[in-house]
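What follows are several structures.
Note that chain A is present in both complexes that follow, paired respectively with chain B and with chain C.
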Partner chain A sequence: MVLRVFRWSPGSRERLQKYWVKARHGMTVLDALVELQRNSDATLAFRYACRVGMCGSCAMVVNGRERWACRTLLSNLARGPVTVRPLYQFPLIRDLVVDMAPMKNKMLEMKAVFVPGRRAMAGDEFAQIGSRSRERRAIDAAIECIGCGMCVSACTMVGHDPRFPGPAALTRVFTLQRDSRDGAHAGRSLAVLAEDVLTRCHGQANCTAVCPMEISPTDSILALRRRAVLRLLGIGPR
Partner chain B sequence: MLTRRMGSAEAWRDTKVGMWAWLLQRVAAVGLVAVIAAHLKNPFARPVQAALLALVLFHGLLGVRAILLDFGLPVRWHRLLFLLALLVGVVAFAAFWRWRWY
Partner chain C sequence: MILGAGGAGLCAALHAADRSPHLSVTVVVKGLLGRAGCTRMVQGGYNAVLASPDSLDAHLLDTVAGGGWINDQELVWSLVTHAPGRLLELEARYGCFFDRHPDGRIHQKPFAGQTHDRTVHKGDLTGIEIMNRLTEQVWIRPSLRALEEHRAVELLSDGAGRVGGALVLDIRRGTFTAVRSRATLLAMGGGPTMYRVIACSADKAADGIALALRAGAPVKDMEMVQFHPTGLVVPNSLMTGALLEEGLRGAGGRLLNGKGERFMSRYDPERMERSTRDLVARACFTEVQEGLGSPHGGVWIDVSHLGAKLVETNFRGMVKRCRDFGRDLAREPVEVGPTAHFMMGGVVIDPSCRTAVEGLFAAGEDAGGVHGANRLGGNGVADSTVFGGIAGDVMAEWVMGRALPRLSTHAVEAAEARILEPLGRAEGGEGLYALQQRLRDVMWEQVGLVRQASGLMAALREIEDIGQRAPRAAVPGGTAYNLAWQDWLNLQNQVAAAWLIARSALERQESRGSHFRRDHANTGAELYSIHVVGGDSAGLRIWKEPTRLTRLAPEAARQPTCVEVGD
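On to the complex of A and B.
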């Protein structure tokens, strides 16, 4: 099988390098990359950790779609050469490795950090939200985000408007705005009302289509948007 | 930083349904501007009438899809809504054209 792997390092030209890999039964894209690195080209750089579809660090663009390399079987891909690129919309570090810091920075810009409020404590204990409560079920899926960055890479708006926070940051904001223990709802509400935030999402749902955790950032953004409208009308929660 | 180069075939290789729905609605809007201008010049030209009807239905129904999602219909239904919009558009076009309801 032919793999066309994106190569770049500081000072060099971007290119797709061809490699030949003997595809075995059950072989994933990550297996193929590891084999190449061990046997053919030790300079090939890529990131991975758990290898079992939990951490999200092997997120890449394989044949034009964001996927985690460790869960993508070569046999499930279309016939022909397999193209492997790094995630889009992130600064390149080298080859398939990108800098994830901008995603974290967008979260900080959106104040997507838990700030304990008055209801954060129940006596001496940290207040709990029951797993079957309505409040918890509303964010059940969204809190599973592993921060892999695939949604950010797939989002056309992130590429178009650098000020748009992106689906990952807004999903995090959504979970915090629905958390009754958090004490920073008002400030966060103001942050998401800025010009290039909620109104910028076009609802194409590319982020939802590629999320490996089957989260729907589009749902989170639309829910935040409805909440913002109600707040502007003076009939919704802060 | 890498961005999708929309001029390349690879960038379009995995275009998703939601993206097509959004894109086609915009293309229909641009098409409407041209067709409305042609329609104002000669309201009786049948091909222009047909194009106007098709584009209005297409653009409007995809807009209804977006509104329904905005108002809280789960995003997991968006593919179904896209297909429904296309289907209703085709049926409505055929009915309008066949029975001259315009």
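On to the complex of A and C.
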């Protein structure tokens, strides 16, 4: 089969390089890249770590759609050449490797990090939050993010408005705002009311379509919006 | 300086920062912060004693009995006494979520080899939750700096036998930095990636073990490598070896060989598939070795008789994992086989994580002694977070009043020159990846689940030959983000650890825990660990160190070989 791979390094022009790979049964996109790198072109750069779909390091755009290379079988892709390029919206480092720092920076801007509340800090016993509580069920549906960045790459608004925090950061904000142990709800509530945040999402749900962990950032953003409205009307949580 | 950023590295960083916010702490990680290593891959959970009738003594006994009685009992005591506090810290200070009962209490599940329901978890993706939360906390602490896609390639001595820093390679740019540090932690997570089939993260290469060996820190129990019986078999894919959790067997899953026989009836007719994990793994391996395997060199696991609906509800993640590779776990048998999972052996430490070399500390899978000859499921992530935290606290105190060491430029230049040597070298001779495959094959065939003296001696010769050739292999391309160059470095570390495993396995003339010798199938009465130290010109020194039974002694009634282990 033909694999067309995006190549770029500092000082050179970006191009799609064509390779022939013997596609064998069971091979994933990552397997094909590893085989190329080991046997045909040692200079090809890409990133992977766990290789079983847990670390989120090998996200890339395969045939125009964000996918995890380690869990994408070549046989599940459309017939014909397979085109592999790096994630969109992230600065390039080399070939398929991008700099994930912008996603982290957006998280920090949105204060999307747990801050222990006063009760949690007293910390001599575990918070008692039932498995079937509304809080826990809402969080459970949105928490298993592997940080792969596919949602950010697929989001048209991230490309359009550099100040939009993007689906990953807002999903984490959502889980934190539902977390009764957290002590920084007020600051985050203000942060999400800024002009370029919640109202910017147009609900196209590309993020939800590509998430390999079946999380729906779209739902998280809508839920944050509902809470913001209720709060502004003075009838919502804090 | 903290080398490695799994559960041990990040807990160390957080503890050092919180203990002494004015210290400057650097975390060096081969991949992206929070995504490299194996803590992330933990499915099962975290062992901690939270409520009676469970007790610290019971956790101690289970761990030591599971470990074939050669654990360092003081380390185990540290593990079991700190685990409940560390778990609370993960939840209350860092915001981790763990599964709960409807009434709000933390849910603890039974795990093999344990006398109480002790294993705290977040669904079957406990590691992702822990690592995500730890990573966020590292980001927001101003005194912590992460060097992502950087790796330590050599520990640097201050000239007086102390470790005073490391030579660090920036993988993206291909540039070196000599980093001076008053205290250095090895938390690079061991990693049995020198075997053909692996369950652990593919980015590991036993880097910490190799660095410690070269720096002259003794290692112990290197022959103890844990194999899990049910790794996925996906021909032609790196996915091979990825775990299918043992709950499948617990629920009544059957193992069948290539002829469709429930072969466990020949190994353990009473417990069948629910037999202990080392025994099941060895049985699978033996079937394949005797030509009774499935078409792709594994065996079959069949859970279809349990009903598709039950399997799809209770094993959602496993069903998805199989489905991505065109296998319907709920309705048909799936090919599985044993997979190299965890290294119990590692650098010798005391309960403060100090190694024998001043300035050098170790925690997590890089350290040996906590798990003895076999690790219980759920003790791995407890080990890394407990000892990582201890190391952070100890190092933060230890550096007080100590001067920043001076490093010899000569040593730095020599190390750089050695590492740059293969670049641009004319190709010829055996290729890097061919050598790596040879290593993985010989480790699997001769130093794997079933060992014997002749095979181990042949393996040592093969490993030494690969070790001679590996440094001479050519690496095409430049220094920046060159995967082949990184694999050249990986291979040399894998060879160093492989030699230690094979040599220690030869030395231990008995079977115990995960170590099985066909030529010495019985467990001896003597309790000891194999220690190895290198680093000076005199070569390696190997000796037996008797186990000190500081807290418990084996009872005659309790047979140490009966253990089950989890992930």
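Please note the rule applied: the second predicted complex is superposed on the first by the 232 of 238 C-alpha atoms of A that agree within 3 Å, B and C clash if a C-alpha of one lies under 4 Å from a C-alpha of the other, contacts with A are read in each partner's own complex, and residues count from 1 in each chain.
In the analysis below, contacts are C-beta pairs under 8 Å (C-beta built on N, C-alpha and C of every residue); 3 or more make two chains touch, one makes a residue touch a chain.
This is a predicted model, so every value here is computed, not measured.
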Inset, instruction - Identify the partner contact of A:206: answer first if only chain B is touched, second if only chain C is, both if each is, neither if none is. - result: first
Inset, instruction - Look at the residues of chain A and decide whether chain B or chain C touches more of them. - result: C
Inset, instruction - Check the residue A:65 against both partner chains and state whether it touches chain B (first), chain C (second), both, or neither. - result: first
Inset, instruction - State whether A:128 touches chain B only (first), chain C only (second), both chains, or neither. - result: second
Inset, instruction - Report for A:38: first if it touches chain B alone, second if chain C alone, otherwise both or neither. - result: second
Inset, instruction - Identify the partner contact of A:226: answer first if only chain B is touched, second if only chain C is, both if each is, neither if none is. - result: first
Legend entry - chain C-contacting residues of chain A that also contact chain B: none
Legend entry - chain A residues within the chain C interface of the complex: 9-10, 24-28, 30-31, 34, 37-39, 42-57, 70-71, 73, 75, 93-95, 97, 100, 104, 107-108, 112-114, 116, 120-121, 123-133, 136, 139-140, 143-147, 176, 179, 181-182
Legend entry - For the chain B and chain A complex, residues of the former touching the latter: 1-4, 10-14, 16-19, 21-22, 66, 69-72, 74-76, 78
Legend entry - Residue ranges of chain A touching chain B (in the complex, touch as defined): 6, 63-65, 83, 85-92, 156, 159, 202-206, 208-209, 216, 218-219, 222-223, 225-226
Legend entry - chain A partner contacts - residues on chain C that touch it in the complex: 31-32, 34-38, 40-41, 50, 88-89, 91-95, 97, 99-107, 123, 125, 127-129, 132-133, 136-137, 139-140, 172, 201-203, 234-239, 242, 321, 324-326, 433, 475-478, 480-484
